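There are two complexes below, and they share subunit A, which is joined by subunit B in the first and by subunit C in the second.
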Partner chain A sequence: MPFLLAETVTAAPDVEEWMLWAILLSPLIAWGLIVLYFRKLPAIAGYLAIAGVGAACVMSFVAFFATVDADGAILQHTHEWFTAGPLTVNLGVRLDGLTAVMLVVVTTVSLLVQVYSNGYMAGDPGYGRYFAHMCLFTTSMLGLVLADNLFMLFIFWELVGLSSYLLIGFWFHKPSAAAAAKKAFIVTRIGDLGLLAALLLVWTRADTFDIAAIQEWAASGSPEGYIVTLFALGIFAGAAGKSAQFPLHVWLPDAMEGPTPVSALIHAATMVAAGVYLVARFFPVFEASHDAAQTVAWIGAITAIVAATIALVQTDFKRVLAYSTVSQLGYMMLALGAFGYVAAIFHLFTHAFFKALLFLGSGSVNHSTNTFDMRKMGGLRKHMPITFWTFVIGSLSLSGIFPLAGFWSKDEILLDAWRENRGLWVCAFVVAFLTAFYMFRAIFLTFFGTYKGGEPVDHHDEDSHFHGDPAHPHESPWVMTAPLLILAVPAIAAGWLNISGGPIDSWFADLLNGALPHVHEHGSAFEWGIALSSSAVALAGIGLAWVIYYKRWVTSKSIRDVALPVSVVFENKYFLDRLYEDFFVRTVLQRGWNRLLELNDKYVVDGAVNGAGTSARWVSGQLRAIQNGQMQTYGIGIAAGVVIVVVAVFAANPL
Partner chain B sequence: MELTILVFLPAAAGVLALLLPKQYEGYAKYIALLGSLAALALSIYLFFDFDSGAGGFQYVVNEDWVDVGAFNLRYHLGVDGLSMPLVVLTTCLTLASVLVSFSVTQRQRAYYACLMILSTSVLGVFTALDFMLFFLFWELELFPMFLLIAVWGSGRKEYSATKFVLYTIAGSAFMLVGILTLAFSANTFDIVQLGQQASFENPVIPLGLAFFFLLVGFAVKLPIVPLHTWLPDAHSDAPTAVSVMLAGVLLKMGGYGILRMCVTILPEQADDYSIWFAAVGAVSVLYGAFITLRQTDVKRLIAYSSVSHMGLVLLGIGALGQTGMVGATYQMLAHGVVTGLLFVMVGLMYERTHTREISRLGGLARQMPLITTGLVFAGFASLGLPALAGFVAEVTVFLGTFQRYEWAVLMSIFGVVLSAGYILWTLQRVVFGPVRHEWDGVTDQKQWWEHSVVLGLASLVVLLGVYPAIVMDMLNPAIQGIVERVG
Partner chain C sequence: MDGIDIVGPQVAVLGGAGLILLVDALFPQQRKLLPYIALVALAASALWTTSWVSRDEYGAAFDGTLMLDKYAVFFYYLFAGITATVVLASIDWVDREGRGQGEYYALVLTTCSGLMFLSASRDLITIFVSLELSSIPQYILAGWGKDQRSSEAGLKYLLLGAVASSLLLYGMALLYGFSGSTLLPEIATAIRDGGEANRSLLILASVLLIAGFGFKMAIVPFQMWVPDVYQGAPTPVAAFLSVGSKAAAFAVITRVFMEGLAPKFLSDDWSMIFAVIAAVSMTVGNVMAIVQTDIKRMLGYSSVAQAGTFLIGLAAISAGGADEFTLGASGVLLFLAAYAFTNLGAFIAIIAISQKLGSDQIKDYAGMWRRSPLLTLALGICLVSLTGIPPTVGFWGKMYIFNAGIHADLAWLVVIGVLNSVVSGYYYLSVARQMFLGDPESEEPVGASPALMLALTAATAGVLVFGVIPMPLIDAARDAVATLAIG
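Right after this comes the complex of A and B.
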């Protein structure tokens, strides 16, 4: 039994191996129990899911503090899974500073979202199925961050894709949801091709999947530079798919077809951060390849700007947040490409909390108004005070206002960008302005002004489980507001964990640096110039939103008319969906190339087969005419045969 | 002795079913069920009793059969690490196809006789160690298949059945020339001896051509592009159980033949041809996948996806390395259970809606939640989701081939995206979307035999996905023997 032969490489954090596996297994067990027994028992399914994720959460915190005690050093346990000739594939867990941070983020947000879902999803016919899928997602994500080798990471990477598919398409009878689920899976899989190619490349060249060994291999200087670059770009392609980087970002806004808590957990806080995690995980590889790092940084910058500009013109509350997420993920990638390893993960960490808060807030608004269309909202500040204030806290944090969490992490990214390349800094700076603007545009449209009535309930829709009365919006029940209040705490304070020179100094940075094979020098400090300029630009964004959408000194319509071509491009999402779906998939692939091959298959390949049959029949029909039963004909045939044989014999043996 | 019992047990049950008096027609299925259960139990016993460490062929039976001059034919059966898993796959899918046939009402005695004789012929192919005996079992399969498609099929069933038989026979004719050439120049029909043969004296035709002739016979069966057009026709018109057997095990006879005969007996020629294996394999993967995207009939769609998946088998063999060949064999097993399950699910759906046209289906998730779950599960297995059978196989094939033919693998991995495309698009159109009231009142999966076949195959898909070592440990030594031949 290879499973029993555990080999311990190092044992820095004082955590038993079983506990790491238990973190992975407890939501999986909850999933199994729900699928097998409690699909039809909502009362049990929800609590079982909370118990499974809660147990994982508690153990994650234990692992986290043990890692903190060990200064982020690495703990690894590896077991053989299977061999095929020279190929050996292992399953193993690895705990270090980076994993510990991700464990805490994933399980905490997941737990709060499950609690919230108990209220939000109440009465849905697929309630049990929902919690089963959520548990499956949590398991996949935990496996992804615990994996100690690229092969295992790839396995959970794909399972995360599955969970996302199942949850986006949760309301599968809605054609838009079914289409969005498919789109998400296929677009991310295009990125996964890169990851798969990287997997093949690294095994062929480095003969290992082990993360530590790959990091060492890339940094050793023994492989040719282009191999390391190709490997790094393959990794980044996978990351770009999951983390919705340009030009593969198109699936994420559509993914908002899933239930809102799903958007909060998967498409804002955790799964989409998997790509950022992956690049951070292989950070030494990107350090070894400057070209790859530059690509990451600029793709990140483009993504951040493209998504932020689209967010400016959205009318759907949730889609503003979706594009904001894409933009912020671009920010993190930009930071990684600028060698801001700590800054990127720090932003991932703070972003997870305030973005989950914002999404759950939007869900709370939807719970009360039955719509996400901001044109049908307004004035909700008075009706939903808790939702309103927590949403404002999340938005301020996202906009990077002192002293909230987002301020500190965004500031570090700007600083790293400034040091690496001024062009990157300019992009990041512009995005900081746009972010503040679109968030407060949404706030003013939703919570200020007068209420415009929401969306009337369609009583004929058997799938709708909307209880309230959209005409009279109300605050959501405590199971939904409590997670908002709890998430508001890290949205305010999570940034204080990494203030250099502050009370706990660069404790967070040390923790993350422990995961790297060597000391990472590109550390961040605080600089007044960067901090003041970014705060000023964020306040300017808020101010402009206030002028246009609260005071209405200038109407948004007049601005749109002035910059019409630009607005059209933004409103049509840079026409990328049209390019991909209508032009490439439907026209070039399906009506062109595939049709051509199909016709070839039918008329050329199969035509030859049927042609062989038909011609055999024709030939035998002709031959039948010879066999007419007349002795004379046969006689001529025999005579001719004799002549031919005689001639042939003499020709072969001349006298 | 065990193997003789195993091979002929299904056929015995089939003959018994055929001999039932007319008034007991309804018992035919139970006889077939008992026969296939017994065969499965025996094969599982042999699987766990098999000594992977010992290597070579086990449970060997070797008796005189025909001995006339140069014709020294022997009744020689045995299994090694390569054929043992395929034998178990066959008995599993035989049981599955008997169970999904419980709804068949027409001429049951003859039906089960054909199905069980089919099973015997496939088991014979996987266990025969005499080349002529192998060929006999190979040909024996045609007779029940022809009847099963032509009598119990649907649509253009006579055309499809005839096409299937003629196509296979044309391939077999080439194969027979190859077999006789090798056997006469080595003076033996013994596959084990042929597999150790160092050189062949005075072959009637050049060995390269003999290799090619053998290959044609196996390539038709696998099938590879462009010898594949019989498969979509046969699948779309065959009854469910026959599709399960066809996709699940009959195609694997081709891959098995290439490994056991072409590569093992003529390793030098295999090395000469290997670049073509990789090229044709990669083309099959992509060509099959592109055409799958155009299909409008669910069964034709799965048939073309099989062409794509079988391309991976050829690709994995093409590298002539251990990882690639183990991956190729694993792909055969994985494809067997996964596609078997896909055909079962589509069959259950067809029984209820009587259509396979994708455009007429839709929204079935509400009316058939269990069948939908099974279909989604099988679909994800087919697109290579990790933790399910196909993933390990695919990645092992890619890893094993990448070193030697980077370009072929880089082409083939696009199949991963295309398969996600055709599977998810099909699911979207067949089971998701708004409910169609046309299908109100159809029943969901509810008979015990339906539940057991779906659960059984799904468990196998998961088992192969999470515990590959159970089969890999057996494949490794056997494939190592082949790799050593190639040198």
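Right after this comes the complex of A and C.
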């Protein structure tokens, strides 16, 4: 019934236009104020950032509820910015179900992360700079989801890349952080080339950047099929870069070099979700091209499995979460490729909360132990009860245990995969098992057993702002635990928003479907078989982790020895980093570049040196030197240029 | 419009030049006033142009050799603005140099009058004379500095300029020989009537014209003088060359090819020549710019690359009907204005910084952010604009030209242009990175004189204001091009 309503009732959400712009501008204003006036005043900078994002958050909720009232219908305000012949570039905002959900996710997580950062980053010399970058990042994300045309979207897309570069490399004096920032920037840029190509393609073919118009153009059947497929693949390439899809996922684990709240914000909830958002935004285009949708689904499946298997063998707490994020993003892409638009965004929504919770939890652990190495932890359950319990809630949710948020969203993805392609379903099913296993492996290693002392504080390290005593771990201050407790609520309950036949029916699905021009009904959204089998496999994963890492009936070492080749592949991350760095970067790029430089030295620089020699002779007042030196070369160059051009014209187009 | 009114803007400028020489000779102790006389003369010139606009008086003059249309007016304003900025940027340098102050400003103003004539000329002889009127003072200005590098730059520019002029003259002679007229509209008529049989001659003439103007535009393969002269010439003069004479060359070549050589059988050929030269210029300019360590040399190569981007607009002119014609040509005008703001801003910041450092090496710019936040910010904005990143005017310039290319079915060229933009980002932004993140050798602040700051603020404000609100500039460029008569 609500579907029918969404199709017939076209009343747009009752939101004033200024408010949408204000959502975008309030963190931007905070950014400007911090950069101009408060960079050196940490006390003010932090609260200013919280105020800016807080205001955006409140307004986002207002917009969200208005959109819910309108069943997710589309509200668009467009202003002409630039015209050049048939092309018009607009400056506009668009609010619909998808945008509203993203607004709420981005601003809520961002707000909580900023509050948390007030504690986590206290005393860091770059405190003001940190909050400025955070505000810029939030603005870019909000612009990305509010943009009503591909052109604006692309600008904000690049801004997201830039601000995340600044945040990952925040501790830029740390070589590993600087390298990670560069890697993230370059790898995502490779994907962005695809997005740029897609942009050029609609520019030449459709002469519009408007999202609604592009959706219509793709679905109308007027462009040739391969054009739509190319466009969709370009979009997906951009999405794959930002959302860390195989084979462009390699930047995300390294990006954990940034401050942990940054990881929670960008690498769990927002930036990596931008790719999923982008594919969802252009979902009708993928519906028009099944080839592209198949590519999305299988790349997603490969990503999910590859990342989950690597997560099995990580010893760094945060990297387990990083690979888990990559794997879950693969899950979302798999869902999109299987035409599970609602399922994918629903999972994005629940995942944002529980993954942010997990990241902030890992930061809390680090705050107390000064390390992310799980081999140096253990037994923290007693010392950090709030962190422990909230972390367990997040992990159960991620593993898909009834009735937590992750259960419901994961279930929908499995259902959509089952309907579309059994192969996809098998992949998703295996990943569900692996996910439960590696999460509880991390929990047993970190919070159970005996404490192994953490990482001693290096007092000679001036950059370290660690204040506690790792030998005696303690619970984190309330500014850090409060966001954990708050995030635990949606990690438990966010899934209840979309239970068909549940207390509030499936209004979440209706909300999202309101953003689409056409809705394809999938039928019932719950099946006992899928739900029971996925729960069983998750429990099996947890049980196996319990056997190996808690009871230690089997040691992990013996398993490693049995499956040695496989473990080696996992531990080396499928050798992809090696392939990229040793082969592409060192061999192909650097050698090629060196060769180019050699040629340049030989012909160009030597030429310039000869020129300098000419000048020297000129100084001695010999005009002849000029005549015999470069001047003649230049003159010959001009004459030769004329001859070449004339010959070329006649050769290309004989009379 | 008759009598002195026809050449009013130029008379104002040249009158200013004469007055400067007189004041310099009669009241040597009042030399401080000279640049301000120049500014007043330029303001008077712009006012005169404005009075035409307000009277809505346009038309041909002097038997059709000058065409005073909106196209010319656009460039009159542009050249007055460029010259005023160059005068402001020169004050410190000329003061320090000490000698021949009157002559310096008089030569700058004379150049300006030549540039204005160029943009209005519709006759081959007038074009040639105007070109020489603007060039000869520039040869002198390029060699103005006391050091040998500057003298070498001046001489190189002069000799190679003479080669280019002779090629241009040869091309003009061929056109005259074919059509029996030097007026563009009459040449166009002759080509329409009997040109197809003489295509080879016309192509040769076109190539020679491209070579002659290409020297000033700094396109490959006529660009070799650029880095040497930019590096050797006094920096304000290099700034003048990079925006003034380049803009005039594009103004005149657009008019000549549009009004004189537009028939399809011919335009297909020169459009392809422009397209190929555009691709080569962008690539060569950017690849060479990457390895430069001297910032003026780098800007020299970058100006070659930018000239290649302009050429996309020219290549797009011939491709189709009136729509594409206006799109390509107005793209050239828009980008010229955008480039003028941006490059002037960059050069002024460099003038201020190198006056203090005594060096043009990029590595010496490290940590400039801590020594001079304002200069660094302005230079940073200009570098962003040169790369073509929003919200700067350089972005819209590129965007507009690329759009013209796409609608002229030159998508391959646009792809090359976009890739080149990415490459150019590497060296532009690595200068910015040095300035913002590098460690300074000393913490000593770097300042700038009020005149420099004024010029810099004006240029940077133009970059940002038209970056956010581009439509007024676009409308002006479009109106200007709409008045060209398609030959």
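Quick note on the criterion: the second predicted complex is superposed on the first by the 579 of 655 C-alpha atoms of A that agree within 3 Å, B and C clash if a C-alpha of one lies under 4 Å from a C-alpha of the other, contacts with A are read in each partner's own complex, and residues count from 1 in each chain.
Rule of thumb we're sticking to: a contact is a pair of C-beta atoms (placed from the backbone, for glycine too) under 8 Å apart; a residue touches a chain by one contact, two chains touch by 3 or more.
Keep in mind it's a predicted model, so treat the numbers as computed, not measured.
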item: Touching partner for A:V645 - first (subunit B), second (subunit C), both, neither; value: second
item: Contacts of A:K182 with subunit B and subunit C, given as first, second, both or neither; value: first
item: Partner chain in contact with A:G529 - subunit B first, subunit C second, else both or neither; value: neither
item: Which of subunit B and subunit C A:G85 touches, first, second, both or neither; value: both
item: Which superposed partner A:I190 touches (first subunit B, second subunit C, both, neither); value: first
item: Which of subunit B and subunit C A:H173 touches, first, second, both or neither; value: first
item: Touched partner set for A:G221, first subunit B, second subunit C, both or neither; value: neither
item: Contacts on subunit A seen with subunit B and repeated with subunit C across the two complexes; value: 81-87, 155, 172, 196, 200, 203-204, 597, 605
item: Subunit B - residues contacting subunit A, complex; value: 163, 166-167, 225-226, 228-230, 287, 290-291, 293-294, 321-323, 326-327, 330, 363, 365-366, 380, 385-387, 391-392, 395-396, 398-400, 402-403, 409-410, 413-414, 416-417, 420-421, 424-425, 427-428, 431-435, 468-469, 472, 475-476, 479-480, 483
item: Residue numbers on subunit A that touch subunit C, as the complex places them; value: 81-87, 89, 155, 172, 196, 200, 203-204, 597, 600, 604-605, 611, 615, 618-619, 626, 630-631, 633-635, 637-642, 644-646, 648-650, 652-653, 655
item: List of subunit C residues in touch with subunit A within their complex; value: 148-149, 152, 155-156, 159-160, 163-164, 167, 199-200, 203-204, 207-208, 210-211, 215, 220-222, 224-225, 228, 268-269, 272-273, 276-277, 288, 291, 323-324, 326-327, 331, 390, 396, 399-400, 403-404, 406-407, 411, 414-415, 418, 437, 470-471, 474
item: Subunit A residues touching subunit B - in the complex, by the definition given at the top; value: 2, 81-87, 151, 154-156, 158-159, 162, 165, 169, 172-173, 175, 178-179, 181-182, 185-186, 189-190, 192-193, 196-197, 199-201, 203-204, 589-590, 593-595, 597-598, 601, 605-606, 608-609, 613
